[in-house]
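Encoded as structure tokens, the structure appears first; notes follow it.
Chains here go by letter, A, B, C and D, matching the order in which they are written, and residues are numbered from 1 within each.
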Amino acid sequence: MAHAETDVTPITTRTQALEWLRQMLLIRRFEERSAMLYQNGKIGGFCHLYSGQEAVAVGSIGMLREDDYVITAYRDHGHALARGMDPKAGMAEMLGKAAGCSKGKGGSMHFFDAENNFLGGHAIVGSHIPLAAGVAFAAKYRGGDQVCLCYFGDGAMDQGALHEAFNMASLWKLPVIYYVENNFMSMGTHLHRHSCLMDLTIRGGTAYGMPGTAVDGNDIEEVARVTKEAIDRARAGEGPSFIEARTYRFRGHSMSDPMKYRTREEAEKARERDPIILFESLLKERGWIEESAIEELHDAIKQQIDDAIEFAAEAPEPPVEDLYNDITVAPHIPQE
Amino acid sequence: MAHAETDVTPITTRTQALEWLRQMLLIRRFEERSAMLYQNGKIGGFCHLYSGQEAVAVGSIGMLREDDYVITAYRDHGHALARGMDPKAGMAEMLGKAAGCSKGKGGSMHFFDAENNFLGGHAIVGSHIPLAAGVAFAAKYRGGDQVCLCYFGDGAMDQGALHEAFNMASLWKLPVIYYVENNFMSMGTHLHRHSCLMDLTIRGGTAYGMPGTAVDGNDIEEVARVTKEAIDRARAGEGPSFIEARTYRFRGHSMSDPMKYRTREEAEKARERDPIILFESLLKERGWIEESAIEELHDAIKQQIDDAIEFAAEAPEPPVEDLYNDITVAPHIPQE
Amino acid sequence: MPVLQYREALNLAMSEEMERDDRVFLMGEEVAEYNGAYKVSQGMLDRFGPRRIVDTPISEAGFAGIGIGAAMVGLRPIIEFMTYSFSFVAFDQIVNNAANMRYMSGGQFSVPIVFRGNAGMAGSLGATHSHRPEAIYAHFPGLTVVMPATPADAKGLLKSSIRSDDPIVFIEHENLLGDKGEVSDDPEFLIPIGKADVKREGSDLTIITYSRSVITSLKAAEQLAEEDGIDCEVIDLRTIRPLDIETLIASITKTHRAVIVEENWPYCGVGAGVADRLYRTIFDELDAPIGRVFTKDAPVPYNKAMEQSMLPSGASIRHEVRSILGI
Amino acid sequence: MPVLQYREALNLAMSEEMERDDRVFLMGEEVAEYNGAYKVSQGMLDRFGPRRIVDTPISEAGFAGIGIGAAMVGLRPIIEFMTYSFSFVAFDQIVNNAANMRYMSGGQFSVPIVFRGNAGMAGSLGATHSHRPEAIYAHFPGLTVVMPATPADAKGLLKSSIRSDDPIVFIEHENLLGDKGEVSDDPEFLIPIGKADVKREGSDLTIITYSRSVITSLKAAEQLAEEDGIDCEVIDLRTIRPLDIETLIASITKTHRAVIVEENWPYCGVGAGVADRLYRTIFDELDAPIGRVFTKDAPVPYNKAMEQSMLPSGASIRHEVRSILGI
């Protein structure tokens, strides 16, 4: 490509783009099947699906190095898979099996994957936001240039923990990138009923002297582009950034949400901006993939998830005695 | 006065101005004598003096109606006295007596005065900020036009409770006025070491879509003027305001603070802007008071505080059995 | 008497008290337009409007504090925690501002507030979402802790809590919300705070319990009666603080043996608190140590079987009763 | 051996461990430039610099969480709460993120962190500033709760806590900070977590206690010996969770009588937790109910005499010991 075209150079290579498409499809399929397993009573507890928001996790985590860190809230399947978690381990966790990514102790809301520097999966709204600052603090303390990417929803903007962490992250110029995935809903409460301002870049950026950038969260390459800027800034020691990715969740808040607050029209219209379809179109336009290859990809992923489910279904339950393991590094002495 | 001079019309009448001077002197004297009593071991616990900041409480509370509400942090003597608390009740509280404003149960950090709608005296940093929103919520709920004035320090800007309360106060347009008394120190930590931004109106105003105004906290009439704007706005149902009063505390954080973080020069220079001296000069310039009358005022206040101390010293200790009283409205059944 | 679900009984209690007293309002996450995350406030927005049924942001410390402030100046808020596990981010507000306000102000400002919501191990919710906070709140003088086990108690106790002039920590159980039972529709049907209830009379041993464990204990008692001829008295504490120790003493003076059944962790929990007080009061009446059935001392796992293994069960209760009886 | 203040012993423990291990750092309000609100970190900023001695804003939930995050990726933070009363705004971080992280991650992420600071009723600080949180934190599996009573224990236990791979709630007492005692200057002087210490041997009755109450109990024991000829054994728990029940059993098997002395509130507190476990373990060894001396069940008032009247005292300990001995 000639240098005159620099401004339209895609942020990604073809290889990476195809990998991103694969990841988005993997996440989508993983969750569609999870929904079915939930309805059949195979998955318990709370289960929050990421469908519709895949471009945010994939496009941003895609810009990280292996030694960087990722942490997120309870809507965590997407981030875990984008970070390289084996879907078998994820699916086994959903079924509460010993082979699960958290040995069956965490469940859907608490995916962890130390090998991929994926630090969970956190279910108390806002409570992991200080942890992310701590991870970034550690990176800086050790003198490295790793960064930490931290995700949360628009509802978490209203938790005090965010406020405290943001102030310190900015004050100490910690290499953390805070990502609000603004799907405009905190459970059944629309942004305009829970947030004093509609522009979250003011609440998360301006308010703390951090750069605050809004991005179309369904446009994976835009997500990647703004993330890269923030990562570069963090690695250069210039401190944290705040990114507001505007997006839409296709499903209910959790599996038990009847979504009475939405019209069918709204939901259908949102599907037109499905980030996967948008990206498939773009890649086809750009000549990076053909329709037939897309179909092959879909099939391969179907197979991969089928395999994951089979693996998970057949995996053994953890022994009940495992209850007392993994509490502390020192032997746990039950206080009974 | 001719209408052409409107823009220099003082915010206050002569009578009110003299009352404000009296209040500032009362607070100053109350605390100077408290410091001595503390050093003599008559006052215990933590004791935080307000000296240097008097213009903030007096100039702002001075704009309230009787049925409005005031709530503050542990540095509370000034606000209580400005709101009309009898210094006898205040001094008796300092000495832990039954005649104290909190029956000797609260102490310096927990002054209360229900008759004057003075809602405390709160010692956990930031924790009363949601209470203020609640008081305003109640006013609005009942359909009245009372407002609540809430004070806290620059250090409290960093507590999560503030963030949560500010968002809801703005979202629900509650009639509350949030006053940060920015003395640039959170105990021994200067603002630039604890706050990500030096301009607190961004952190407290812009960040929550509230008007944010900075004011010279040592200029009592300026304090009154910006407070009046905020009160009018709140009474009109237009919601909360944030005011940053920039000021200086003359004494240490509490009685046990050796103030090693300050040079003598800095402290002396600050004394030149003593809000009491500034106001005395202004009133003299304006011809509202003469030097001799000022001296008489000082003497009268000296006497009033002497009386308060005598009252407090002679007042009886609460009976030890009072330990179990005032816990709940229903009879307290000790779970022993 | 009408048969209602536990959640409907709670709804009825709030609705009746709101009809009666305009100072009462309900505030919390998803209580209004969503009709409650657990449908406890179903229909209340339609009935009482958005002035009195108030949806909040996810700001527990903030809206707990707003409730306390409103209570200080005369309103009577009901603050719903979606679950009590989320009350931990509002902990300071509850144990300091609600619990101490009246005391620190020398009696000038009381805090007539009800914090309510469900708690307990509802099934595969994991360690952060399965807390049982009753012992923690009961530790603090200034708080009253109420935990109903049946629809009728839910109604009568919630009404008394709303009418109380003091801060109440009212803890429901997620797994009881759908339970049905007869509930009086008398708007003056009140159950006094601080009174335990003998849910089953018996002469051999006293089972002391509360909340969901009442149901498990009653079943175990029936089975013990049928299979072993053991006649247990089952006492539902209903209020954790203040403890109705008189009712316990009366029962143990008759049975001389007791087992405490709870969903709480064992160490420094409610069971320990109650046992300690009983030993100090009626040591000589006891023919054996007080038996204990509790949730095992581990965080709560996601895996269903593992979680189930922690909980008091019919089998573990029967086992403990037999062992305290030396059978 | 050098004679050090309790606060100096804490300082020495931290300083030695920081010399030994670059992953250890200290973070909290006023720990650096102010040299500590209670001068525990005196001189540490000069010695270790601002990278490792870190002043924070008043954001306990925030910096507790920062510590936990840093610990998850390999650092070993010491997080100072100016006093533990302020830990209540960080409650969720401690009882959820610190306590459950290793469990929820199936053992992948441990949290080698020490939370430390003083607690207790330090004198006229009022209800919000006089909390004793030990029972509350000890309730949670996943946390370890350590409370030293002497300078030597302060050093040895803090060093062990810093070297521990698990989250430790290390609670000092404000009124002990100035106490002096011999303290080993051996940088390998460690006191194991989970081991109680017999601070005075005796044969008539076992006093079980911890933190400041150890000092009060030892004095009472001397007076009981001199005046009444009663020979009390005094056991300092040192670790509240896990409880060293073996040491208690050994003692009570000898004395057959026990009194627990604590600054905690009585209901669902440490005393109740310990008593309950003892009854269930060695009911038949006990010749009398376990006596209890505790802080009275009321919020802590400002008035000095009233506050003093709540606390365990020499007189109240001696009274309880005599009464348990039936004298």
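Following the convention adopted for this analysis, a contact is a pair of C-beta atoms (placed from the backbone, for glycine too) under 8 Å apart; a residue touches a chain by one contact, two chains touch by 3 or more.
Given the structure is predicted, the values throughout are model-derived calculations rather than measurements.
Enquirer: Hey, which chain ends up farthest from chain C, C-alpha centres compared?
Expert: Relative to chain C, the chain whose C-alpha centre sits farthest away is B.
Enquirer: A-C versus A-D: which interface comes out with more C-beta contact pairs?
Expert: Of A-C and A-D, it is A-D that has more C-beta pairs in contact.
Enquirer: If you average the CA atoms of chain A and of chain C, how many Å lie between those two points?
Expert: 37
Enquirer: What whole-Å value do you get for the distance between chain A and chain B if each is reduced to the mean of its CA atoms?
Expert: 46
Enquirer: Report the inter-chain centroid distance for chain C and chain D in whole angstrom, where each centroid is the mean of the CA atoms.
Expert: Centre separation, chain C to chain D: 31 Å.
Enquirer: Calculate how many whole Å lie between the centre of chain A and the centre of chain D, each centre taken as the average of the chain's C-alpha atoms.
Expert: Measuring from centre to centre gives 40 Å for this pair.
Enquirer: Mind pulling the residue numbers of chain D that touch at least two other chains?
Expert: Residue numbers touching two or more other chains: 56-57, 59, 61-62, 88-89, 92, 96, 103-104, 126-128, 138, 141-142, 241, 243, 265-267, 273, 277, 297-299, 301.
Enquirer: What are the residue numbers in chain A that touch two or more other chains?
Expert: In chain A, the residues touching two or more other chains are 102, 104-106, 110, 122, 124, 127, 158-161, 163-164, 167-168, 171, 193-195, 327, 332, 334-335.
Enquirer: For chain C, which residues count as touching chain A in their complex?
Expert: Listed in rising order, the residues of chain C that touch chain A are 29-30, 33-34, 37, 55-59, 61-62, 85-86, 88-89, 123-129, 265-267, 294, 296-299, 301-306, 309-310.
Enquirer: Which of the residues in chain B end up touching chain C in this complex?
Expert: Touching chain C: residues 69, 71, 100-106, 110, 112-114, 119-122, 124, 127-139, 141-142, 160-161, 163-165, 167-168, 171, 325-330, 332-335 of chain B.
Enquirer: What part of chain C is in contact with chain B in the complex they form?
Expert: So the residues of chain C touching chain B come out as 25, 51, 56-57, 59, 61-75, 77, 92-93, 96-97, 101-110, 112, 138, 141-142, 144, 164-166, 193-194, 241-243, 273, 277.
Enquirer: Using the touch rule from the top, collect the residues of chain A that touch chain C in their complex.
Expert: Per the stated touch rule, the residues are 44-46, 93, 96-97, 102, 104-110, 122-127, 155-156, 158-161, 186-189, 193-195, 260-261, 317-318, 320, 322-324, 327, 332, 334-336.
Enquirer: Where on chain B is chain A touching in the complex?
Expert: Residue positions touching the partner: 157-164, 166-168, 170-171, 193-197, 202-203, 206-210.
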